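Both complexes below contain subunit A, partnered by subunit B and then by subunit C.
Up next, the complex of A and B:
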C-alpha cells in the first residue's frame, strides 16, 4: 500500500470508528431529541408574536441547530484525544503503521461527521416542519414564499455547519493538550469570544481613543488585538438574522467565509498534531 | 544491523519529565538489546524496571531521548517498521462500544488488510484465542481475561513477523496462562519472532529461548537461559535411613528432618554434597534419595537484581508477584 493510500485508509478507518463511537453514545440521542422538541415547540412561542409566526419558528429553529451542535462539539470533543491517551486505546492504534497526524485528522473528521449528521438531521426536520406549517397555512406566509424554503435559510444552515468545522478543530486541539474539563471550558470560551470578535477589535481601538494613553492602555489594546487574531471570528458564520428576513449574502462573501473556516481549522489541527507529536504517551 | 535480527536497540535512553517542575527521570539507560528472528525472547524485570518503556519505544508510542531502536533494520518510529509488528499492551483496554469482531476489523483495516481478509482472519484470530462465542458481544461486557485474549488476537490479525506482548499472562488463571504459552509457541512455529515482558519467571523458563533481565532501566543480563542461570549445584536434598546420630550431627542439626528412621537434610554447595554422601555411607546409613539442584531462574533473578523475597515460604509464582 503506497503512502497516500495508507494515509487515506487510516484516516477513514479512524474517522469511521469515531463516528460509530458517537452514534452509540446515548447522550447524543438525548441532545438530538431535545433539539427536535425545541424546534417543534417554536410554533407555540410564535403564537405570542402576532403575524411573525414563521420568523420566530425560523429564529428558534436555526438557534437550536447551532446551540445543540455546539453542545455536542464541546461535550464529545472535549475528551476526544485525552480519553484515548488516558485509557491507552491510542497505543494499539499508534503501534500500527499509523501516523499521529492521521490519528488527529481521523478523530477530527469522525466527530465532525457526527456533528454534521446530527445538524443535517435537525435541518431536515426543521425544513419539513416549516414546509408543513406553510402548506397548512399555519404560518400565514405561503403567498410570499410560494411554500418553498428560502435560499438564504439554506446558506445559513450551511454556515452553521461550517461553524462546527472550526469548533470541533478547537475541541480536538484542546483535548490533545489538557484534561476534558479544561478542554470543555477553553472550547466554550473560544466559542463565546469568537462570537464577540468584532466587539473585541472595536474595543481594542476604543481603549486608545482618549487624550492621555498610558502604557497599561497600550498593553490592553495589544492583548485584545492578539486575542482578536487568535480566536475564530465566528460572527462571520452567523447570518441567521439576515436569513430570517430573507436577506441573502453574496456568493463571494459566502465562499470567503467557507475558505476562512477551512484555513482556520487546518491551522488548529496542525497545532494539535505538533502537540501530540511531542507528547510522550 | 546484522541480518536476521528482529529487534536491535543501540544506546537507547528514555527520559520522563515528572511533577510540576518537569524534573527529569531516566526510564531507560543505554539499552543495547538484540533479538534474533524466529526466537522467543523473555524480557524480565520487576515492576518499574523499564520493560513497558522499552516496548513503547519499539512500537513508536514514545520517542527515545538518545540512541535508536530498529525493527528488522528499520527505524522503529517509522510506519513501515511498525507494519511488521503486532503489539498487545499490558492490561489492554479497547473501545467498549465495539464488539470483538468490529475491533478486529478496525485493527485489520489499519494494518492494510482487505475487507475479505479482515472477515476471514478476524474469525480465525477469535477462534485461536477462544473468543468465537463472544465475537458479537460488546467489549464493555468482556472480563479482564477476555480482554487479554482479545489483545493477543488483535496483535496477530495481520500475521506480523514480530509480535511484542507486554505482560501477556498478567491477570490470567492457570488455564489461561497455559493457553497463552501454547499461543506463543504456535506463533513461533508459524515463523514469527516473539518478544514478551513478564515478571512471572516460570513462564519464561517454560517457553523462552533467550532472556534479558532489566533492573532500574539497565539491562543487567542477557543471553540463553543456561548462561543466565549458574550451572553450579547450589543445593542437594538427601533422604537417608539408618543414619547414626554422630553422622547426623556432622550433617547439621537444623537442616535435618526426621521421620522415624528416615531423615531428610539439605546441603549447600557441591563439595559438601559429596562429603555428605560419603559420611552417610561410611556410617552404615542407606541413601534413599539424592537430588542435586542447580540455580533456578528465580534465584538467578534475585542474585542479579539484588532483590530479596519478603517471605521464605513463597512458591516461585507467588515470589515473582511479591517482587512487584
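Up next, the complex of A and C:
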C-alpha cells in the first residue's frame, strides 16, 4: 500500500513539475493565441461561403484545435525526456527513490495535462464563439441543424483532445529513444501517418480487387489488415467531417475509441519504459 | 519470468487496443460510413481530373484523400469557395464551365461524403453538364446511403427524376420518402401529390392526399387545401374504377348498362360508391362515360376561367369581342408552360364542351361566357368545406 502511495506521489510530483515547466514555455502562448486568432477569423471566410458559413466556421475551429494541439505536443513533448538526459537533470530525479517508470509516466501525464488544458481552452473559446454567432444570427444556422452547439460537435472536441493521449505517448516514446529533432520529426510523421492508417485497410482490399487472387495476394492483404490494427490509428479519433454536419456516432463506437486511446497509449508508454530501462544514463 | 512481465503487459495493452479498433471498424462498417470503406465506394463516382487550361488543379484519385488526410473538411471548403467564385466567372465555352464546376463538386463529395449541399449541387451540375441523369442519381444515392434522413437529398432526387422522361413514378417515390424525413419541406408532399395525379397514379394521389391531411391536420389552413385536393383526386380515382367496371360489363354483355345500378345488379359492384362531393354521378349509357358531378363542375369552372381569359385577351388585342369562343382560342398560342390550358384544350387549342353543362353559352355582343348558378369554383369549394366541417364535427362527410 505504501509502495503504491509512494508511486502515485512521485508520479503526481513529476507530472505537476512537467506541467509547470510547460506553462512557462513561451511557444505555448504563441500557438495558443494564434489558434484563437484563427478560430475568431473563421467567420470572415464564412461570409463568402455562400450558405455554408457555419460549416466553414466549424471546420476551421475543429481543424485549428487539432493542428495547434499537435504542434504543442510536438514542440514541447519532443525534448521532454531527452532534455533531462542532456542537462543531466534526470540524475537528480532518479538518484532519489524514483523509478524510471514513474519518471516516464509523470512526464507523460504532465505534458498530457498541458496539451489537454490548452486544447480544452481552445474548445471552450470555439464553443462560446459559435454560440455567440448563432445567438446573434450571424451564423445562418437554423434550428434543424442542431442549435448553438450540437452534441456531435462536443464529442468531436472530446475525441480531438483524446487523440493527444496517444500522440503524447508517442512523443514521450520518441523523446526517450532519440534526439529532440528526430523525436519531433518522428512524432509529426506518426501524426500524419496515423491519420492515413485507413489507407492501409483500403490497400488490403485493393490487393484482392482483381480477377485471379493468388495465395500471395491473400497473405499481403492479411498482413496489411494486421498492420492496420497495429499502427497508431489517429483517424479513429477524427469524426470532424460528420460532426460539422451534426451527425453523431454511436455510444459503442465512442466508447471503443476512448478504450483504443487508453490501451494504445499504455502499450506505447510501457515500450518507452522498456527502452529507457535498458538505456545507460 | 519477471523480465517477461512488462513486455507481456505491453502486448496485452496492444491487444486491447486492437480489440477496440475492431469495435470501431465494425461499428462504422455497420453504418456503412467507415472512412476507408466509404471512400472506396466514393471513388467509383470520381470524375475529378487535372484541369490545366485555367491554372486550376484538382488532385486525381487517391491523392486527393491522402493530401487531405486530417484536414478533409477544410479542403472541401476550399473547393466550395473556388466553385462559388467560378459560378460568377464568365467562360468562353459555357459547357466547359459547367463541366469544371461538376468536377469541383464531385471532388467535394469524395472528400466529405456527408456534405449534402455538395451532393445536391454536384447532381445539379452533372445534369447540367452532360444531362447524365443516371450519374446524378448515383451521386445522390451514395449521399443518401450515408445520410438517409436528409430530405434535401430526396428532394434533389425527385427533381432529377422529374426532368427524366419516363421516370415520374420514381420522382413520386422520392418525394414521398423525402416527405417522411424529419424537417421535410411541405413542398415535397404537395409535389408528390401533383406528380402522382399527372402520371395517372390516381390511387397513389389519393393516398398522398390522405397523408397530407394527416400531416397538416384537417382543421388547419393547409389541411383545408389538402382536403379539397383529396376530394378531387378521390373523385377522379372513382371515375377511373367505374370506367373499368363499365368496360368489364360491356365485355360481358356487349353493351353498357342502362344505369350505374346495373353494375350492382350484375354483381360487378357490391354497392355503388357515393360521389365524393355528394352531387351524384353523370352517366351516358351510349358511350359508357361516367363523370363525378362535383369534379365535372370544378373542371368546368377551371375551363371557364381559361376561356374567359382568352376572350379578354382577344378583346384587348382587337378592340372587339371575338365572334365565337373558338375565335378567341385561335388567337392564342399556348406554350409548354401552359400545362392546364393544353390539358383541357390541346395545342393548337380546340373548344371542348363543359363536362356537365355541355355547350358553352357565349354572347358575342358582350364577350361573356355564361356559367349558370352554382357552377363556379367558390361554390364547389364551399361544398368541400361543408363536407370537411361535417367530418370535423364527428359525422361522416357523406
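One rule holds for everything that comes next: the second predicted complex is superposed on the first by the 247 of 281 C-alpha atoms of A that agree within 3 Å, B and C clash if a C-alpha of one lies under 4 Å from a C-alpha of the other, contacts with A are read in each partner's own complex, and residues count from 1 in each chain.
Going forward, a contact is a pair of C-beta atoms (placed from the backbone, for glycine too) under 8 Å apart; a residue touches a chain by one contact, two chains touch by 3 or more.
Every value quoted in this text rests on a predicted model; they were computed, and no experiment measured them.
Peer 1: In this superposition, which partner touches a larger number of subunit A residues, subunit B or subunit C?
Peer 2: Partner touching more subunit A residues in the overlay: C.
Peer 1: Which holds for A:9: it touches subunit B only (first), subunit C only (second), both, or neither?
Peer 2: Touch partner of A:9: subunit B, not subunit C.
Peer 1: Looking at the overlay, what does A:96 touch: subunit B (first), subunit C (second), both, or neither?
Peer 2: After superposing on A, A:96 lies in contact with subunit B but is clear of subunit C.
Peer 1: Check the residue A:88 against both partner chains and state whether it touches subunit B (first), subunit C (second), both, or neither.
Peer 2: Touch status of A:88: first partner only.
Peer 1: Using the touch definition from the top, say if A:136 reaches subunit B (first), subunit C (second), both or neither.
Peer 2: Touch status of A:136: no partner.
Peer 1: After the superposition on A, what does A:250 contact: first (subunit B), second (subunit C), both or neither?
Peer 2: Second partner only, subunit C.
Peer 1: Contact-wise, after the overlay, does A:20 reach subunit B, subunit C, both or neither (first, second, both, neither)?
Peer 2: In the superposed model, A:20 contacts subunit B only, not subunit C.
Peer 1: Looking at A:212 after the superposition, I want to know if it touches subunit B, subunit C, both of them or none. Which is it: first, second, both, neither?
Peer 2: A:212 contacts neither subunit B nor subunit C.
Peer 1: Mind pulling up the subunit C residues that touch subunit A in the complex?
Peer 2: 6-7, 9-11, 13-14, 16-25, 27-28, 31, 33-37, 39-40, 62, 65-66, 69-74, 76-77, 80-81, 84, 112-117, 147, 182-183
Peer 1: Can you list the subunit B residues touching subunit A in their complex?
Peer 2: 16-17, 56, 59-63, 79-80, 82-83, 85, 87-89, 91-95, 97-98, 102, 106-107, 109-112, 151, 154
Peer 1: Across the complex, what residues on subunit A touch subunit B?
Peer 2: So the residues of subunit A touching subunit B come out as 1, 6, 9-10, 13-14, 17, 20-21, 24-25, 87-99, 280-281.
Peer 1: Given the complex with subunit C, which residues does subunit A contribute to the contact?
Peer 2: Within the complex, subunit A touches subunit C at residues 45, 48-52, 55-56, 58-60, 62-63, 66-67, 144, 191-192, 195-196, 198-199, 201-202, 205, 229-230, 233-236, 238, 240-242, 244-245, 247, 249-250, 252-253, 256-257, 259-260, 263-264, 266-267, 270-271, 273-274.
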